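What follows is a group of structures, each given as structure tokens.
Across the two complexes that follow, chain A remains constant while its partner is chain B and subsequently chain C.
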Partner chain A sequence: MTSIFSQILTVMMMNIRSLPQRFWMSFSATLAISVVVAVLLSFLSMSKGFEKTLEGAGSENTAIVTRSGSKSELNSVLSNDIVNIITAAPGIAHNAAGQPIYSPELFVIVDGIRRSSKLKANLPMRGISSVGFELRSNVEIAEGRMFEAGKNEIIVGKAAQREFAGFDVGTEVRFGKTIWTVVGLFSTGGSAFESELWADTRTVQSQFRRGNSFQTVRVLLETPGDVQGMVDLVKQDPRLVLDIQTEAEFFSEQGEALSGLVSIGWALSIIMSLGALAGALNTMYTSVSDREREIATLRAIGFSNISAFFGTLVESIVLSILGGFIGAIASYLFMNGRTTATMGGNFTQVGFSFEMSPELFQDGIYLALIIGLVGGIFPAWRAARLPVILAFRGGV
Partner chain B sequence: MSGKLLYDLKSVSKTFVKGKEKITIFDKLDMSIAEGDFLAIMGPSGSGKTTLLNMLGGVDQPTGGEVFFNNSRVDTLSEGQLARWRANNIGFIFQFYNLMPMLNAARNVELPLLLTKLSSSQRKKSVETALKLVGLSDRATHMTSEMSGGQQQRVAIARAIVSDPKLLLCDEPTGDLDRKTADEILSMLQLLNRKFGKTIVMVTHDAAAAAYAKRTLHLDKGVFVEKDLAA
Partner chain C sequence: MTFLKNIIGLIFRGLGLALKYIFLTISSPVWLPFWLIAYLVEHIAFVRNALIATDLYLPFKNMERTPLRFALTVFAIFIAFLIYGALTAFDNAMNAGVDLAADDRLVTVNKINFTQTLPIAYAQKVTAIEGVDSLVHMNWFGGYYKDPREQVITFAVDQTKLLEVYGDDMLLDETHHKNWLRNQQGLLVGELVAKKYGWKVGDRIPLNSNIFSKMDGASVWDFVIEGVYSGKFKQADTNGVYFHYKYFNEALAFGSNQIGWLGIKTTDPSINEKVIKAIDDMFVNSPFETETVPEKAFNKSFIARMGDIGLIVTSSVSAAFFIILVIVGFSMALAIRERTNEIGVMKTLGFTSRRIFKMVLMESMMLACLGGTVGLAASSFVIKQVTSSPQFPLAGLMLNGEIIMQAIILMVFLGLITGIVPAINALRLNIITALSRR
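What follows is the complex of A and B.
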């Protein structure tokens, strides 16, 4: 047993020492694997960060009412009358005064300048009331103060401020013909709302000429997750052409756009893995044919074919794990904590952070390991099957 | 022939199949080699010298007949068993030395010892002894790729004898060397045979090389004729 071990070790050491002879080939195979791993991990860390952002946003306690088929807050319109009818539905929680707890909201798009690209991008602005604050968990004014009703004042979400220039507390911003003052900075514990600007509902209605209409209504549910009372009312009343969803459902639908992106990430990684695999196979077959005579000579001396097999396999695995580490570390250095914005379902920017976790790191190394194993096993098999008489062939 | 019988080949045949063609190299060949012999095998190119040596060394199998080594049959052993048998009994010396270019001389010589239970200090001692015997003590840490052909073949001889096998199998050991260097190598083999009792089977084209052996067999079309050296 110790003999087998020292045989494998010797073959391995010889392979590794002869690596400089195949430096560029081995180097490019390693590099290909590191690129595959880096791409995969970038996609995964992006989806992880996005998931976390949306996870924080959706609650089972709140339902969101939109016009039927509008799919996003931006496309929805609700008249004041409709809001009054639906908020009378059963299943909605009431306050001490016996009034239903709901927040009619507006959702408009304004222009912002991205800090990174210096280009214009869509930025969502929400008309909201104090009830709307209560319907969202973890809302905190991190800097400055709340906006005042009836004034052109906004508060800015942390992610929005991070991504967009010119939203420091105290500055004035211009949207179309209107001028607004930034009076505060708010956080919502990392959820998607942090990518928004908030202002008083009535002020947004008048400044954006929305008359008396809203876009969505958020209601507090008596029983978390139970929207049946509202759904029944919509069925009975032909005036109500509405979709009722819990906020959690609503956001998870929004997230589906990105899950497509993650699938693309996987598909791309797999295609690239096949390329890297071809590179690894080629490198290892070359390594074996370079060492044919040496392997056969060792076998003639009495080395087992197991040592030829594992020596080759280990070379492949060492190269690929090296590639995996390089790729994982590169994507960690470039991606972790990096924030970016992507299109949410509202065609607005949702800011989020790349999340590089130890599990993702591990996934990257596993992928590299699989490429190394598959790329090494066939050449290793060839090495093990090499006829010993090759040692006696003439010519060098 | 004197001494204990080391090899006994009984009715050995060897046929290669190349596509549809069957090439018979040996047809029912009988041969025996005594312990302590120094046998040279000569013959024209393609007469089967290397094939015979490979069958003796268990790196190629006969298609018929039986090969006995020390009275036990070896042609029926499995590949793994053969590898162990070779490790215990045979040292190979090749025409092109077959050293590992990325290892230094001492590491090359050490290779067969990695198959034994020796400790690293015991291995080191054996390697030193073997290198001393071939006159390369001062070159232990040199890379073999930087050595002359004669020096490389001496390293290869050291590697072949380091684990003290009974038998040395040499295929054209001087085929790649000039006359003077060849004579040095052959004297060394002769010494190993005479002083250390190694049985040696050497394939060669060169009558001058064969002259160092105790006897010579001439192989032609799969059969041999034993000739007196003087003849």
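What follows is the complex of A and C.
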């Protein structure tokens, strides 16, 4: 039994050491596999990054109130009366003065020019108050200062400034007739809020003619994750046609917007893998036919056909895993941390960065491994069945 | 020991055979066409003679002499063109709105962003501008059917003007149109939507809005389908659903007397610039400044706002082509190198270098064209399958002449690139070295 293993090992090492002789053919298969893996990982890391950006925005401590069925902050509308009723619900945390802690907010879309395409894109602008700042973790003014209430001043999220032109601190921007001054740059630790412009709620209400209405209310919960008190109130009061969700829940739903990309990425890479598989098979069959006499000779001096089989199979797997690593590393180098923006659930651009994780890396290597396995098994089969007589034939 | 070895051998043999035949059966749609072509060339004298007369017979025989390598190479090309066909058709369909946009139509939106509204009075004011033939105001309704995920692209419009502006693109039965005008709760439904939900004229349909609620607090709006329109062009998007602005405006709990945007038809495309300037100048410095653009530009910018689909398509297709370029290129080079001896013999027999050069190039061309044609045919088949589902929302998904022309250029290009180096090597090959090389 040990002899079989040592035989397999010998043949494996022999095949791997002779790889440079078949350099170009092996190279082509490896390259093809690496491109497939790189394509897959690009898609996956894009959707992962998007998901992470949105999930980072949601907190379990905060609940978000929207008009029932609106599904996004943009579509929701809440009148001042509704805001007053719902914020009296049980389960909402109170401050020292006994007032419920809540932040009614506005959400409007303005045009901005994308730096990458020089084209107009939808940029979200949020009317927010100081309570809104407290309800979000990690909000920091990175440059400049806060906006002042009652003034046409905005602060710009890091991702918004990165993706859109003309929002440097100190510049003036014009939305319709109104001129706003950019007074600060804020960060929220990489979450989706960084793609927004923030301004004082009352100012946004008047400049965008929203009267005394809001779009969403965020409330601080007494017990994280527990929105039952508010849900019960909505059920009892027919005036309240509202959806209550924790912020985490709300954003994780929105993060699924790009989940279609994962399926497209997989479908495309699997189809491409078939092409790469053809390349791998080609390479391995050539490898076997190049070494026909060598394999036959080994058989003639007593090596088993099992060793010939595994020798070829391992060669194929080594090539494909090599390709997988090259592809994964290439896509890590080119894609990881690369930033872009795409349409999110609010009909606005959400800036995010490609996010490569060990799990994605693993997916890429698995795909390469499968290509190598299937691409090696048939040629290995042929190698195992080569007649020994070939070794004794003269010439070619 | 030997017994165990025999068993293992048997298992492997059985497994191998099973795998082989399973693979052959699964892949039969792929290899069958090629097998058929090879069969035709061999057994029909006319085809064979034609190939011999055009000096393509030898390249053809060379190409298929190692059937396995031939099959694998062609398969790789097949895959690349399958991806090319499907993705390019998809990209085209997404951009159909740009290609189909009429030159004499404009869109006026709020300058801040098209999601901001305009006062209804603007419609009257713009109608009076010289060069405006007709115009219709529209509102985005944010409609969905029963489930918020089942979005229906719904617009509240000035029903009397809709067909004056967009009538050229919408085919609609005259009596249906009249019925729709008469019924304030009437709904005009696009063919694709009607197909998707199985709606017919006369059906009562409740639609919800994810934005607007009625004054009584209800978010369900009741409609009666009065007409189903179809597109004049095959690629036309008939996912839209239209209803009376009056019904919308009177029932609104908030935001009444506001419109989303204006669709304008000018008397002649040549005066578009003048009309655009006249409209936007009229509202400059008002609380609601406007931005007017030609329909084509609006559709283009709308698609661009949705995300860079074109970029994803182009990079995926390029990646696929890069893969096959590498695979086919190296296997062509290998095939010619293996034939070094033979080329020496042919040269000795009097084949000119030029002819051999041409033969090698023809072989790679044939490979590319064969794989490419079958791949394109397969993508057309896939597209047919996908679009035949009533759930599928893209009307214009098909391989048009432009895609096919581009594909042919790609095939020739691929054949050239993969064949040129081996062909030049064969051209330069010296008889002595060729014959002495093992």
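Keep in mind that, in the parts below, the second predicted complex is superposed on the first by the 334 of 396 C-alpha atoms of A that agree within 3 Å, B and C clash if a C-alpha of one lies under 4 Å from a C-alpha of the other, contacts with A are read in each partner's own complex, and residues count from 1 in each chain.
We adopt the following convention: a contact is a pair of C-beta atoms (placed from the backbone, for glycine too) under 8 Å apart; a residue touches a chain by one contact, two chains touch by 3 or more.
Remember, predicted model here, so these are calculated numbers, not experimental data.
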item: Contacts of A:Asn305 with chain B and chain C, given as first, second, both or neither; value: both
item: Touched partner set for A:Ile113, first chain B, second chain C, both or neither; value: neither
item: Contacts of A:Ile329 with chain B and chain C, given as first, second, both or neither; value: neither
item: Touched partner set for A:Ile85, first chain B, second chain C, both or neither; value: neither
item: Superposed model, chain A: greater residue contact from chain B or chain C; value: C
item: Partner chain in contact with A:Ala391 - chain B first, chain C second, else both or neither; value: first
item: Partner chain(s) touched by A:Ser6 [first = chain B, second = chain C, both, neither]; value: first
item: Which of chain B and chain C A:Arg293 touches, first, second, both or neither; value: first
item: Which superposed partner A:Ala32 touches (first chain B, second chain C, both, neither); value: second
item: First (chain B), second (chain C), both or neither touched by A:Ala142; value: neither
item: Common ground on chain A, meaning residues reached by chain C in one complex and by chain B in the other; value: 304-305, 396
item: Residues of chain C that touch chain A when the two form their complex; value: 5, 8-9, 12, 16, 19-20, 68-69, 72-73, 75-76, 79-80, 82-83, 110-113, 115-116, 142, 144, 148, 208-211, 213, 217, 219, 254-255, 285-289, 301, 304-308, 316, 319-320, 322-324, 326-327, 329-331, 333-334, 438
item: In the complex, chain A residues that touch chain B; value: 2-3, 6-7, 10, 14, 17-18, 293-294, 297-305, 388-389, 391-392, 394-396
item: Chain B to chain A touching residues, read off their complex; value: 50, 53-54, 57, 59-60, 79-80, 83-84, 86-88, 92, 94-96, 98, 100-103, 111-112, 114-117, 159, 171
item: Touch list for chain A against partner chain C, complex; value: 24-25, 27-29, 31-32, 35-36, 38-39, 67-72, 74-75, 77, 79, 108-111, 117, 119-122, 175-177, 208-209, 213, 238-239, 241, 268, 271-272, 274-276, 278-279, 281-282, 285-286, 304-306, 309, 342-343, 347, 377-378, 381, 384, 396
